[in-house]
Amino acid sequence: MEMLKISEKGSYVLLELPYNGKAMPGQFFTIKAKTGPYIPRPFSVYELKDGNLKFLIKAGGEMQQFLNEDIIIDGPFGNPISKIDDVLLIAGGVGYAPIHFYALVYGFKEMIIGMPDDELFDFVDIPDHCVYVVNPTTPVDLAKLSPLKNILVCGPHEMIKGLKRDLPESTLYAIMEEKMACARGMCEGCAVMTRDGVKFVCKDGPTFKVSEVDLEWTYQ
Amino acid sequence: MEMLKISEKGSYVLLELPYNGKAMPGQFFTIKAKTGPYIPRPFSVYELKDGNLKFLIKAGGEMQQFLNEDIIIDGPFGNPISKIDDVLLIAGGVGYAPIHFYALVYGFKEMIIGMPDDELFDFVDIPDHCVYVVNPTTPVDLAKLSPLKNILVCGPHEMIKGLKRDLPESTLYAIMEEKMACARGMCEGCAVMTRDGVKFVCKDGPTFKVSEVDLEWTYQ
Amino acid sequence: MDLSIEIEGIHFKNPIVTASGPLGFGDELFKYVSPGIIGGFTSKTVTPEPITGNMPPRLVYIQNGLLNSIGLQNPGVDLFIQKTVPFLSKACVRIISVGGENPEDFADVTRKVEKFADMIEVNLSCPNVGGKVIVSDSQLTKEILSGCKAMTKKPLIAKLSLDLDVVRQSQIISDSGIKIVNIGNSIQGARFNFKTGKPFLKHVKGGLSGPAFMPIALWKVYQVKEAFEDLMVIGLGGVTKAEDVMEYAIAGASIVEIGTQTMIDPKSIQKIIEDLKNMLEALKLDFKAIVNVSHRGGFR
Amino acid sequence: MDLSIEIEGIHFKNPIVTASGPLGFGDELFKYVSPGIIGGFTSKTVTPEPITGNMPPRLVYIQNGLLNSIGLQNPGVDLFIQKTVPFLSKACVRIISVGGENPEDFADVTRKVEKFADMIEVNLSCPNVGGKVIVSDSQLTKEILSGCKAMTKKPLIAKLSLDLDVVRQSQIISDSGIKIVNIGNSIQGARFNFKTGKPFLKHVKGGLSGPAFMPIALWKVYQVKEAFEDLMVIGLGGVTKAEDVMEYAIAGASIVEIGTQTMIDPKSIQKIIEDLKNMLEALKLDFKAIVNVSHRGGFR
């Protein structure tokens, strides 16, 4: 049924499944196999085209050992992102997944991709006209050079913090990630603190306006 | 790598693996997949021919859900049975597995097979000249009609008890089954009570002379 | 066969009830599951004042289970009554879980919610707030229970901790004149991040749930029924399938709750109920007949 | 990096020690694993008289773990000394586990075996014999420990129960002047047969082991080091890989024992030691440096 593509050193996996439903950028599915893991894991849509649904998965976790089995997906969950005008897309690591899907559906003006290693860079599809950096330079440094004021980012917490700090004038949207259990707004697991109190990534997100989020409210 | 054959209604599975080692009748392997079950399960050899090792597995347990994955076997464990002269072989249910292997390697004089259902009967290879019964008649009733005095049995505890009770003159050997954890005589899990005190199926068995075993020493 | 059971005058059409917490206040759950099919629904624990809950991460994945540190986040009893209570379905037994720190807290919440509930569950054992769990203090526990009793005639359920001796806890409950114990809350546990050398959770420990821990709760259900024949027991922890419900009933549970499993797959609760019915058909036994049967020597 | 650690004057070449019980007396284990590679070996618990152990079934398979009811089967101390002791390898630290019912039993066994051991582990917490576990009785525990102390100058280890409050247990141990606690024994649990309506085990409950239960033991290790900085802790329960050893060390364990995993796959203990070495190389830290690091704010 499903197909797996594994990156050169085995650090990343592309999982491809037939899927006849719909999904919009920003949305995610939970994934598990029959034998595990017990708690299904949330993954953003990397691509949905011609009835093929793709996920970009970082290897090394419990999930990986089950990827060779029949995969059970549930979703889509989360709120779709609407098109953002003149957007600068920023991705860090596998945070590239939802950014890639956004770019496919809505296009973009500029894109900056921060990659932890060449392995991931060589592994994913990257549109022609975009900039990328491999550590130690960070997308934050490059973003400062862009004239664009609307930014959509998905990447490590520290990257979002950096952007918020260094680009106070920009309108920053972040696709947030928190561990999830129910993915349905029931368990109160995937909390983020906002101006309006605690919100949940699965139900109220995953995309938040960064100015409204308290990024310090986390124990990392 | 491995092949699965599933019986008509799905109650039994034949697992076939390439295997270049040796194994003798009476011996067993433990079986698991990478993702589970955590405690490998012991299964008798059903057949070993031309580098193909086969197990006959009763479906419905935890093991079954892992059978589609890459199987990891460990063994052979347990003591081989030596050839028994003029032997009457008796099997009950999947206890037929080691009996089948014995018959293949050493041949036999007579064989009585008790099958819980036609499904298993139709599923396994059965030699030409042997008798079989499907419940409610039991192999014990038929065994009383046989002139043979050396008996090798593998089947439910109650069947072994019945033979011991009804055929006091016979020399009865049983391939015993107890839940196992280490399969190596370390954990003291697979205990049977004998004339010489507690013995372990994995290390001292699995074949025991029934006259020496206290079949009442069990909580069932 | 008949799946229904009556506990302290309350009729459950079947013994399957949702556990407090993992399913929140039901609004999301009932998009997936009709309240008409389950025996009962337990609300998340409600406290006198709103609680923000703990900083993320609130969850740690573990093999065959989950470690959570939600920290009793809830809107407080007043907002709960205003926003949630109107939507609580009467198609199944409505259990409202009440929490707090002292007897006044519990009494206050009980008084305010009791008319909207069929039963009140007193959460004496949350692993995720403050220092010790309430039920480790027998005097405090007694005061809380008698305070709640004074506020309602509805049946009370005492939710116990699996980390402490359940027989001792049940003695306190029984002495307080409460007839139903829920065994029990999530077990305390921790995980450590080998990349940072720190615990994953800010408060170090959290609550463990999921199938891995079922044998622990099963043994405690058995122990309590062995010691207190008259207490009604709710079995809770790790149920994922009808077979597990059977085991809890055999061990002594009259009601079986499901938390984590319903949370990760809401529709599975329907299958569990159907499978349970089929298992009982095959045995030709009503559910009531298997409750506590291990203490009567098993099926005959 | 250096994996060695010294506990009460005893040098362990690495912190990986086998747990008492699942590996018996070592004769079978050492066909698969050279004693030269592990830090230490703990014998199965030895009692004054031979014990037959429990009727089968002695094992119940559970998800991600095992439920056992062996019942301390052992040949008794005299046969142990005659048959097993001569083969105990000095290539790793030899820990002999002693058991019994009363202070005399423990003293008797300790006296007889102490010259063959580098350390003595006092099993205060077997879930599979008699009624209550010994360590639930603080007076009895104190008498047992002082009896053992009188018999040997070798370091004593007190093996605690995970079913009871470990801080309270550790207080008793500390008051008795013992410096090392093992946290801990298998947890009590039960499973029921839904075909017969009876428990699987004759004594209903057994001991749970395996990876499912590691977060419970980790939390207890942390708790004890938080309350008793001076106690040395052995972490035990559910270890299957080097990462797990790291977590125990971070939580506070100086030594990490492995039982069930070594039993189902003896050779895995070697891989765990190698992987641990590699993880420490990557961190550029000696093992000693990570012990208890969570109480010091993690890696810096």
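Lettered A, B, C and D in written order, each chain numbered from 1.
The rule is short, and it goes like this: contacts are C-beta pairs under 8 Å (C-beta built on N, C-alpha and C of every residue); 3 or more make two chains touch, one makes a residue touch a chain.
Worth saying up front: this structure is predicted, and the values here are computed from it rather than measured.
K.L.:
Check every other chain and keep only those touching both subunit A and subunit C; list them.
P.N.:
Intersection of subunit A and subunit C contact lists gives nothing.
K.L.:
Starting at subunit C, how many touching-chain steps does it take at least to reach subunit D?
P.N.:
The distance in steps between these two chains is 1.
K.L.:
Centroid of subunit A to centroid of subunit B, CA atoms only: how many Å?
P.N.:
53
K.L.:
Averaging only over C-alpha atoms, locate the centres of subunit A and subunit D and give their separation in whole Å.
P.N.:
Centre separation, subunit A to subunit D: 44 Å.
K.L.:
If you average the CA atoms of subunit B and of subunit D, how far apart do the two points sit, in angstrom?
P.N.:
35
K.L.:
For subunit C, which residues are shared contacts with two or more other chains?
P.N.:
63-65, 211 - these are the residues of subunit C that touch more than one other chain.
K.L.:
Going by the touch rule set out above, which residues of subunit B reach two or more other chains?
P.N.:
36
K.L.:
Quick one: label the inter-chain contact graph as line, ring, star, complete or other.
P.N.:
Graph shape here is a ring: one loop, exactly two partners per chain.
K.L.:
Quick one: which chain pairs are touching?
P.N.:
A-B, A-C, B-D, C-D
K.L.:
Over in the complex, which subunit C residues touch subunit D? Could you list them?
P.N.:
So the residues of subunit C touching subunit D come out as 62-65, 67, 164-165, 187-199, 204-205, 208, 211-216, 218-219, 222, 243, 246-247, 250-251, 279, 290, 293-294, 297-299.
K.L.:
Quick check: in the complex, which residue numbers of subunit A touch subunit C?
P.N.:
So the residues of subunit A touching subunit C come out as 36-41, 62, 74, 178-182, 184-192, 197-198, 203, 217-219.
K.L.:
Which subunit B residues qualify as touching subunit A in the complex?
P.N.:
Touch residues, subunit B against subunit A: 34-36, 65-66, 68-69.
K.L.:
Report the residues of subunit C in contact with subunit A in the complex, numbered from low to high.
P.N.:
Against subunit A, subunit C makes touches at 21-24, 28-29, 32, 44, 52-61, 63-66, 68, 70, 73, 201-202, 210-211, 260, 263-266.
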